[in-house]
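What follows is subunit A paired twice: with subunit B in the first complex and subunit C in the second.
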Partner chain A sequence: MNSYSLTRSNFKDIFDRLSAEYRLFGPKRLAGRGRFSDTDLITCDFLADIDELEFEEKSFMSPKSVVFPADETTFVFNEEEFKEPLMRDQREIIVFLRPCDINGFARLDKIFLENGDRVDPYYQRRRQKIHFFMIECSSSFENCFCVAMQSNHTDNYAVALRFDKESIEIQIRNDHFNRFFESFGTKSAFTPEFVKEDAVKVELPDNDEMPAEIFNHQMWSEYDQRCIACGRCNTSCVTCTCFSTVDIFYPDSRTCGERRRVWDGCHLDGFTEMAGGHSFRKNKGDRMRFKTLHKIYDFRKRFGFDMCVGCGRCDDVCPEYISFSSCINKLGSTLKGEKA
Partner chain B sequence: MIDNPYRPFAAEIIELRRETSAEFTMKVKAGADFCPGQFFQVSLPKIGEAPISVSSFGPDFIEFTIRAVGTLTNALHEYRVGDRIFIRGPYGHGFPVDKFRDRDLLIVAGGSGLAPVRPLIQKSLAGELGIRSLKLIIGFKNSEGILFSQQIEEWAKKSDLTLTIDKAEPGWSGKTGLVTEHIKKFPKDNLKNLEAVVVGPTMMMKFSTAELVLLGLKEEQIWVSFERLMSCGIGKCGHCKIDYTYVCVDGPVLNYPHASRLID
Partner chain C sequence: MSADLNRKKVTKNAFRITKRRNHTALRVRVPGGHITAEQIAMIADIARRFGDGNMHITTRQGFEIPNIPFEKMAEVNAALNPLIEELQVANGVSFAASNSGYPAAGMRNISACIGNRVCPFANTDTTAFAQKLEGQLFPHDFHVKIAVTGCPNDCIKAHMQDFGIIAICEPQYDYDACIGCEACEKVCKRKVTGALSMKNGKVIRDARRCIGCGECVLACPTGAWTRNPQKFYRLLIMGRTGKRNPRIAMPFLNWVTEEVVIQVIRNTIPYIDRYILRCLPKEHIGYIVDRTGYDVYRREVLENVKLNPEAKIARTMQWPGYDTLNDANMRSADYWKG
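Here is the complex of A and B:
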């Protein structure tokens, strides 16, 4: 493992050299695109230039879109056959992201590569090209509770980066990347640090079995009114993997079209609706219960660790100011028989 | 992509049969050897994809019995013999036929729930599953809704079959009453060697399984099959998840101790 100290201009050169071989993605500020007037949106997007990398703030959208785009053509079809679209750009991918998001990928991997003993080929063909460039968190952001979810720490990165005022400190775990850095910068002893404490405290229920009363508990009814089923918590979440399949076709063609998969979410209307109109979880509170238990209980029951990584994006983006961390704590109190 | 589980293949329609005013059976040409209770993702380009259970199969055909109530099923209704539909599968865990060997089997089916158990009935009666005896309780809302009526007559000759409609109606000389009333009449002796399968609408399954437990059957002796919205059929899309269970890969057939504890 090598560590280097770089200047800003060193890093710009390295970024350009990396860009020639890889496609780079990371937090990117879109000016004026925020949800209130005169605010920016920080999303995860393709980075054409180092100046586009937003390394100070937390992104609203997670890096899951790099492996699992919001909509993706799975097939082009005519009346005879279904054909997969090629992945035109075959370059490997570098993603700048934070420790919680790297841990988020381990959750995505469980669903897309393992669940049901089948590999999702669309996910896999991107996933196997990805290298993580981890941005160190010097301190916790608003709404973060990664420490409680044990996702504040990871060793799963190719390169770790600390953006200081003057310099950029890096540590290389994947020697393959040495060649980009060794001719720049000076050797150092840098090792990344990880957040040890979040302002938001969460006590996780550790029940192996959730009592049946919890599913119908009145604690969820609060969300019947508050939640407006916009699904932002689902779309911003790094671990939400649900999708729906839709066929689209072109007005000028009688025979050709595309089958696409698009993000879907358990908070959205229609998520469980079957032919004939029967659906489950009509109340928003039931959807909140479904999501909460999935994130901190039933995923663990199936895969051995919790799904939620405590990035707090669901709290950041909720237009109704619903706090997921508070919800977990309320569930914990309810389980202990306290008044939530 | 060499191994793309989402890629459907074309299957030619070789026979269409009207079952009731709302339901029809579509027989397609496709090589198939799988387990009764499994399902396929059926799709039409430009319309979409949906899970449909198999209502019969053989070495070179698969049948789907379809109720035209959704976007896809309504579009399928327009298709004719010689047309091609697209399918992928089979998916999921079907009925545990190995566990049924040398056992007495009771099948309780309600309405369109008869479709997914039909291959189980056919294979049982053909002696392919090594089942000791077969008893059937089949219920429909009314006589107009009866599926596979000719086959039911044939099954009645070879098994202990109760066909019932919910309420008496003019011209109906057969049995009436909900399936639960007929479960109540089931002989309580020799329950130890019994396995029970219950498939039908949610409420019918809820009360039928409760009735079987009251009868004295252990929960482990009861099997149900679930129906949920699915987009992928292979444990990825999340629509059919209940608690830690994915209906598409863990089910659709589930043992009752498992199924009864799942809350949507």
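Here is the complex of A and C:
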């Protein structure tokens, strides 16, 4: 493993050289595009220039869209045949992201590649092109609880970066990338550090089996009133993978169209709605229960680790100030109360 | 003995004649209704030292300090100086003489809603816009009322002004980021004009129905709807209260920039000067436009204005209101007995 200390201008040169071979993706500040006027939207998107990379603030959206776009065409059809669209840009992709999000990709991998007897080809063909460039977190953000979810740490990166005021420290784990860095900067002994403590403390329930009473417990009913079903917790979550499929017909055609899969979420109205209008979770409290148990209980039963990575975006973005980390803690104390 | 006053001069200096003989009330201008705790303490200090300790919050977001003896006017004006420095001079108002108080009272205090420094719905910083207008328009002797509101909810009642400025936004759509959740379509249908409709899981915006409120942007969970960072405004004109023909202001310009709004209001001053009836003690601008007709007004105030390409101009103008002379509609109690 090599480490280098770079100047800002070194890093700009390296960024440009990387751009010539790779597509670069990461947190991006869109000036004036925030929800409120005169605020910025920090999303995750492809980067054309080093200046577009937002390495200081946490993004509103997660980087999952690089492998799981919000709206993706799975095939186009006419009355005789169907065809999967080609991936037009075959270049490999460098994703700038933080440790929690790298751990988030391990969750996405489970759902798209190992859940059931076949891999998801649309996910896989993007996923295998990805290299992680990890942005070190010097401290946690407002709602982070990565330490509780054990997603504060990872070794799964090609390059780690620390953005200091003047310099940029990097460590290269994937030697393939050495050639971009070795002619710049000076050798160093940099190794990235990881957040050891978050301000938000979360105690995960340690139940192997969730008592059946939790299903109808009144602790969920407060969310009936509080949640407005906007779905921001789902769309901003790095591990939410639900989608709906829709078939659309091209205008002026009776026979041609395409099938798409579009992000959906358990908090949104219409999610998993059945023919005849039957809805499994009409109350918002039921949706909160479904999400909570999926993120910190039943995913673990299947895959051995929790789905939630504690990035805290759901808490960042909720317009109604619903805190998911507080909900986990409420569930924990409810369970303790029941046990006692 | 009563003071020997030049009443017109006094009024122009923002001191008014009050019921109480030999006592005046000072109108303090607070552009945008935005003021620091220190500034309000300065106003309170004037009320304590020269008035009777009372202050009135005016409908236009200024203050009126009553019960000041006329002989204290010079001292009051000197005491006003630091406040004028901060609220007028700092915003670009230039004065011939300092320590002489407000040089004009015709152009009323420019009021504004709280705007996007606080309100999530506001499409712009209305406070800053009001302060900028103060710098561009004050002092002036013509009686003109202006208010800036951050969104079409119009909390500041721009519809009751000579110039009501409504900040609007152009929502821009990222087709690929839209997940078809219908949140925008629902909020637009329920709260606004139903400018959005769904087709094939995506949203179609009817630009002619869109009033630029920004509710779709607020509702969108993925950032598919965002505001065009270029700010736009709707300018309503010639609304009024008053004794003869109260009416609401109507849209004159839509989707115009801040520069256009400011230039049109500035151009209105020479228009007033050309057409005002000087036989009256004062004539409100709306009544002048009633006499010259909208066409003349439009032509004269838009002269030399460089309109942005998005700008729309009202073809004709009619103001909903009523004539207070129409008393035929009012019936005595006998009528209702049948």
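The definition used in the following text is that the second predicted complex is superposed on the first by the 337 of 340 C-alpha atoms of A that agree within 3 Å, B and C clash if a C-alpha of one lies under 4 Å from a C-alpha of the other, contacts with A are read in each partner's own complex, and residues count from 1 in each chain.
Note that in this section a contact is a pair of C-beta atoms (placed from the backbone, for glycine too) under 8 Å apart; a residue touches a chain by one contact, two chains touch by 3 or more.
The model shown is predicted, which means the values in this text are computed figures rather than measured ones.
**Student:** Quick check for you: in the superposed arrangement, does A:48 touch first (subunit B), second (subunit C), both or neither?
**Tutor:** neither
**Student:** After lining up the shared chain so the two structures overlap, which partner does A:246 touch, if you call subunit B first and subunit C second: first, second, both or neither?
**Tutor:** both
**Student:** Quick check on the superposed pair: does A:84 touch subunit B, subunit C, both, or neither? Answer first, second, both or neither.
**Tutor:** So A:84 only meets subunit B here.
**Student:** For the overlaid complexes, name the partner, subunit B or subunit C, with more touching residues on subunit A.
**Tutor:** Of subunit B and subunit C, the partner in contact with more residues of subunit A is B.
**Student:** Now for A:199: first (subunit B), second (subunit C), both, or neither, which partner does it touch?
**Tutor:** A:199 contacts neither subunit B nor subunit C.
**Student:** Is A:275 contacted by the first partner subunit B, the second partner subunit C, both or neither?
**Tutor:** Once the two structures are laid over each other on A, A:275 reaches subunit B alone.
**Student:** Can A:1 be said to touch subunit B (first), subunit C (second), both, or neither?
**Tutor:** So A:1 meets neither subunit B nor subunit C here.
**Student:** Applying the document's definition of touch, where does A:71 land relative to subunit B and subunit C: first, second, both, or neither?
**Tutor:** second
**Student:** Let me test your reading of the model: by the given contact rule, A:38 touches which partner, first (subunit B), second (subunit C), both or neither?
**Tutor:** Touch partner of A:38: subunit C, not subunit B.
**Student:** Name the contact category of A:264: first (subunit B only), second (subunit C only), both, or neither.
**Tutor:** Touch status of A:264: both partners.
**Student:** Please report the subunit A residues shared by its interface with subunit B and its interface with subunit C.
**Tutor:** In subunit A, positions 246, 249, 264 sit in both the subunit B and subunit C interfaces.
**Student:** Can you tell me which positions in subunit B touch subunit A when the two form their complex?
**Tutor:** Within the complex, subunit B contacts subunit A at residues 1, 3-8, 10, 43, 45-50, 67, 69-73, 84, 86, 202, 227-229, 231-232, 234-239, 241, 243-244, 246, 248-249, 261, 263-264.
**Student:** For a test of understanding, state which residues of subunit A touch subunit B in their complex under the given definition.
**Tutor:** 74-75, 77-82, 84, 111-112, 115-122, 125, 212, 215-216, 241-247, 249, 257, 259, 261, 264, 266, 271-276, 278-281, 286, 290, 293-294, 298-299, 301-302
**Student:** Which part of subunit C faces subunit A closely enough to touch in the complex?
**Tutor:** Spelled out, the residues of subunit C in touch with subunit A are 116, 120, 122-125, 167, 169, 175-183, 200-201, 214, 217-224, 226-227, 229.
**Student:** Please output the residues of subunit A touching subunit C within their complex, sorted ascending.
**Tutor:** Residues of subunit A touching subunit C: 30-38, 41, 43, 60-61, 69-71, 230-232, 234-236, 246, 248-249, 260, 262-264, 268-269, 317.
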